[in-house]
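Each of the next two complexes has subunit A plus one other chain: subunit B in the first, subunit C in the second.
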Partner chain A sequence: MSAVEQEALVEELPELPTRRVGSPARAWTQWLLRRLGLAILTLLAVSIIVFFATNALGDPVRAILGKDYDVSPDRVAALEQLLHLDLPTWQRYLMWLGDLLRGDLGVSAANGLPVAELIGDRVINSAFLVLVTAVIMIPTSIGLAMLAARWRGGALDNSLQFVTLALAGLPEFVTGILLVALFSTSVFHWLPAVTVMPVGGAPWDRPASMILPVATLLIAVVPYLARILRSTMIEAMDSDYVELARLKGVPEGLVLRRHVLPNTVVPTIQVTALQLAWLVGGVVLVEYLFNYPGIGATLVDSVRNSDFPMVQALAMIIAAVYIVVNLIADVLSILFTPRARTGMVK
Partner chain B sequence: MLRDPRILTGSIIALVVVVLAILGPLFAPYGENEIVGKPFTMEGGPLGTDYLGQDVLSRVLYGGQSVLMIAVLATVLGVALGLVVGVTAAYVGGWLDELLMRGNDVLLAFPQILIALVVLSAVEQPTWWMIVLLVGIAHAPRVARVARGVALSYVNNDFVTAAEAIGEPRWRIAMFELGPNLVVPLLAETGLRLTYSIGTVAAIGFLGFASNPNAADWGQMTNENRLALLVQPWGVLAPVILIGLFTIGTNLIADGIGQRAAKGA
Partner chain C sequence: MSQTVTEELRCRVEDLRISLPARGVDVVDHVDLTLKAGEILGLVGESGSGKTTTGTALLGYARTGAAISGGDIEVAGHKVRELGPAQVRAIRGVTIGYVPQDPSSALNPSIRIGAQLRELLDLHDIGTPEERGRRIRQILPEVGLPNDEAFLRRYPHQLSGGQVQRVALAMVFLPRPQVLVLDEPTTGLDVTTQGMVLRTLEELCRRFDVAALYVTHDLSVVATISNRVAVMYAGRLAEIGPVKQIFTNPSHPYTRALLNAIPHLHRPFALTGIPGRTPAPGNRPPGCRFNDRCSFAVPECSAEEPPDVEVSPGHFAACIRTDALPAWDPTDRVVADTDPRRDRKIILTVSDLDIFYGTSHVVHGVNFDLAVQEVVALVGESGSGKTTISRCVGGIHDNWDGTIAVDGEPLATAARKRTADQRRRVQYIFQNPYLSLNPRRTVEQILVRPLELFGVATGKAARERAAQLLEDVQLGESAMSLRTNRLSGGERQRVAIARAIAVEPDILVCDEITSALDVSIQGSITELLNSIKAERHISMLFVTHDLALVRSIADRILVLQNGRLVESGLAADVLDRPQEEYTQKLLANTPTLDRWMDTSH
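Here is the complex of A and B:
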């Protein structure tokens, strides 16, 4: 990890309560309420951006109809009615927001079906993909980081550092295409290149078709995560309390598990949350590449069809997941930091 | 700086790709849109033909400039915007800092490609400057965060107080007192942003939203020839390998500079 990333990481740590306000429980509640309020405000601001961004650089009706725009004025009028284009933008935004808060995601502009119905299964499929990736990502990264930190400067560490650095910058669709070429088309023919699902089926019925999408996502997140965790661990390993543990004769393996690892929990949570949040966006390209039936592939199709209600709903879902993941990470970080939990900071 | 093996290796890799992209058209055996044979066969140049029967090697040699150019411009835009926001937040502080950073958090909730996709959904045919704008704006909050962090460690230093005491205008202090201290850390950040720019710009092409549907473009080529990965992989593999090489190069440079910055060199 570069120093800049490290510095950015320090910035990521949640603001801890800086004053001692009454009892620890009160300080903690205050912090939680403030954090929740901020999350809601952020989500509100996100909704404004999502709504206005779809109108920023183009004309929605023209984009939906394409070449038909000039030849069928009645369809233009119908769409303008459907999208309430006769009303001022602010009013439309408020209507949209009101529907959203009531759980109504609107109607697809492409086929008139309710958005919620169209994306329900896909949200689950994407969540499954992210979940499987996360379940493999966390132990793999921690394991790699521990191996590298344990034998710092050794052959294993150096080769891991080199490989992870090279992989960390690769765009995920590049990794994905190379994996497809390697494992399912040009070199070997072991794995399916696309997810082919029977109607009504779920991706977990065909585990083989999950391998390449998950592997692509893992190659995108694990190197970065492992690098950051390694430097966090090394920092902890160079600390005085670890030195003391070594001096009093604790075996190195035990030092790592009992003294180093617990002290890396909070940074681990923070970086893992960042990577999880990244995954939620990263699935867009990977799902499109592997034809995986999730929200990412749907988003790309909807963008192509200029299906605004779908694009807006999916963008809101992705941003909301990001905000929730960060919120959970902040709460967990505080819970795992005794001095912050008890409101005793400074 | 070139003694650092990472910076040296990274620079060589990145430079080779850049030279290939710039000089490529001069060496292309066929024209950008010249049909040289049947689609997806090994006719024409050594890399065969693409989905329309155009020569893959020639398209690869033509197709680097647009991707690299858009990515570089987007990086410059993103770093400049982020720098202004970050340094302002750090130096002015108070409510403005709070406001700018909260706004920053809002933008950070969008994965980089999402902003581009949301805006592009209303655009019939994106132009190259739209892609520059969208990718650049997506970088800005991430750069602003780093710039603010670095600037914060300097704003209370004596040289800033001294400059304020002799009545130097604030913008001059930000530019000439704080600025020089930010160069090296931000150079590393710029390298990192360039890496992601290439990835995002190529990804936009890969998703089929490139600015000119007929032009050769590494990102777009991967999309055009994707279906034939089994029979004629070069139409996809050649541009993908070049994009991958370039990102590995810039990432190596960024990491090398970052480590030097950390050491205070």
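Here is the complex of A and C:
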């Protein structure tokens, strides 16, 4: 090829984004600030809903005191003062929000102790349960999805599809009760049915008592996650670039690892985040079922006792986790999508 | 053709059969091919002919659900069907390479260009790591790409379509394969990019002395690049022979029918389609598979599969009637160009048209007009603004300044702001009939709706009119009760045309309406449009990227580049005597059959 011909062949490269606002770091900061701002706005909206919803439930003092309401006017007065019931609702909201922003979760209406003190350990216990579940959930789901996608249409895939569909359809309290019946009461007596903890103890001191709660949560989230991941993997496996990899003689295992998996990372992150966020709320029922000392039992008790400061604090924590998990998922998604990542600096 | 074809046989396919085991039908059968070193064999066929399936079979590959069930495949001394999976993988990419149809989806979006280029060399342990890097840096300039680190660190989405295709070419040539399968490698590229890719390909094939199978639906490309041509129909080879023989003495009626559907740049042809539709695997007629659509068929044609008849040395046609075919004279279908002295009664005037997408200015001060019973073609590469202009005329895009007037009456920017009669007079036909027809409605509902909407006819009268419209677009009344999923692409486009002409418009805006269709269907649609223009005195704005097609359908032509009108005039004048450099470049890059037009070749 002559130099002239070669010159003629060279087509202009599309400009890489030159219209930069600044460095990639600056673009990231701007993006993050915007997203954080949105997250704060969302939390603010949640706080309004939580506060006014709990207020709309009725007179907290009457709910707390029950029969005593009519006979002990001095306790009514004390509670009313504690809860600032003499002020208009919006003013109480602002006070509550101000306290919240200063990290003061308020005082329990049931026993007068600071909410933070009452739920601190509980939040840690719940977080531990969710963390253990997540650590097992992610590799299990990816593994099952890979197996099913690799042998698509085979016996393994078909039975996995059937089992996961059946399990995904079961509510977690049903699976929980079935597991208890199977492993601790009716059939075998291997595992404790409820969590019994000594005072001041932590659940990780007794791993055996965590098995059933974790298993119940896993059965609730893994089937759904595995099914979604299987279909995103199959989509990637049917793509032209995977066909080209095969036609280049890339062995099937390498095709899966190098060409399929990286392109399923983003859907994996997004669905995993949704499932994680669900876990944070879904944990309530399962904790209650197994008497696990987490936020679940506390939340149920607080609702029953009309302990509004506790309910509000717990609801806000759950909402915050939900938002943070999704924010992290979005950051990771951008990091793992070349097109989005390179687009950041535009 | 500058290539030197040696007698060294690189690839041999005998009696190849590919089937769908689940349905027990053959997709491809009885295919024999040979490839010599330094040769490019064009494998031509319409969609569903089995050409891509045949191409990938050379690599021992069949898509999910299909299997290579018979025959011998020999590639550079390897008997592909006798190799185990690991052995087949060992020759893929190294001995036999594959260039995909759509590289923008065939390059992995999450792997950098450099890593994708390197993968095959790493995998097969070719050279030392330093050598691999050096080879990549050597080959990139040969395909017209930069070889600096910044380029290698780019992702596929940071390259243009032509560049991505050249990365794919560089990738396939890196391990120096002996045989190459190219699957429509230039489909979807602009003509100038296609021209560059074809030249690069030809150059590389010659330099590396490979034997290449070029799979395509485009006879014009094949005429430009191949030494030999194989024509495939319904899973079998209809005809195979040297390129000159195929184009100057086509000896299978199917090849002739295909050639009759191809437009030519420098002569206006009356294009014709092929009646009927390509039979799907399992529905293929007995005997010669083309017999039910063939104008030369005799009863014996459906009795048994025709043998290969050697018409001239190396030129075979699977037809028992080769002796009965008249001598091939492509010029007998040449018609007259538009008379330049013809009176023009202007119906559509576009003046000072500026179009915007958001804040970006995409079309700059375009002026043109359209006369009654005239077809004006808008041509240009992607991004030239041709479709954007047509969308403004149709009122689909409303962010524009300037005047678009029908019979001197200016139109509002958006269709919804125009009067019912203005909307009726300008009808739009979309590129993709698979997307432009509502799949939940029957053909009758699709046609009756505009009739009622514009008050042309209602009730029984509307249904009769719809039936008549279907006759007019050669579909027949029996299509009335069908939903569009029962129709082929060409039939859908006919329904879309019937819907557009239902309300007796004055102007049809046709946006690339044949580019999603096979050539034979393109031929018949062109035929239909010409008859609509003649009988109904309709004017058309015809958007296309295919310059040759312009010669067969348009009276006038507007050449656009980057949103500006660079040249306009009578189609014959512009195509034969282009004044502007851009038009000349477009024409020079357009593959054409013109060099085979003279039968004395």
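Rule of thumb we're sticking to: the second predicted complex is superposed on the first by the 312 of 346 C-alpha atoms of A that agree within 3 Å, B and C clash if a C-alpha of one lies under 4 Å from a C-alpha of the other, contacts with A are read in each partner's own complex, and residues count from 1 in each chain.
In this text, a residue touches a chain if its C-beta (ideal position, glycine included) is under 8 Å from a C-beta of that chain, and two chains touch if they have at least 3 such contacts.
Everything numeric here is computed off the predicted structure, so don't read it as measured data.
Visitor: Should A:R92 be classified as contacting the first partner (subunit B), the second (subunit C), both, or neither?
Guide: neither
Visitor: Who touches more of subunit A, subunit B or subunit C?
Guide: B
Visitor: In the superposed arrangement, does A:V250 touch subunit B (first), subunit C (second), both or neither?
Guide: second
Visitor: Is A:R75 contacted by the first partner subunit B, the second partner subunit C, both or neither?
Guide: Neither: A:R75 stays clear of subunit B and subunit C.
Visitor: Kindly classify A:I49 by the partners it touches after superposition: subunit B alone (first), subunit C alone (second), both, or neither?
Guide: In the superposition, A:I49 touches subunit B alone.
Visitor: Share the list of subunit A residues that count as touching for subunit B in one structure and for subunit C in the other.
Guide: The answer is residues 1, 5-6, 8, 10-11 of subunit A.
Visitor: Taking the complex as given, what residues does subunit A use to touch subunit C?
Guide: 1, 5-6, 8-11, 13-14, 16, 238-241, 243-251, 254, 258-259, 262-263, 265, 336-339, 342
Visitor: Going by the contact rule at the top, pick out the subunit B residues touching subunit A in the complex.
Guide: My answer: residues 6, 102-103, 105-115, 117-124, 130, 142, 145-146, 148-150, 185-186, 188-189, 192, 195-196, 198-200, 202-203, 206-209, 222, 226, 229-230, 233, 236-237, 240-241, 243-244, 247-248, 250-252, 254-255, 257-259, 261-262.
Visitor: Which stretch or stretches of subunit C touch subunit A in the complex?
Guide: My answer: residues 56, 59, 61, 63-64, 86, 88-94, 98, 100-102, 105-112, 119-120, 123-124, 141-146, 151, 154-155, 157-160, 162-163, 171, 193, 196, 199-200, 203.
Visitor: Using the touch definition from the top, list the residues of subunit A that touch subunit B in their complex.
Guide: 1-8, 10-11, 38, 41-43, 45-46, 49-50, 53-60, 62-63, 66, 165-166, 168-175, 177-178, 180-181, 185-186, 193, 277-278, 280-282, 284-285, 288-289, 299-300, 302-304, 306-308, 311-312, 315, 318-319, 322-323
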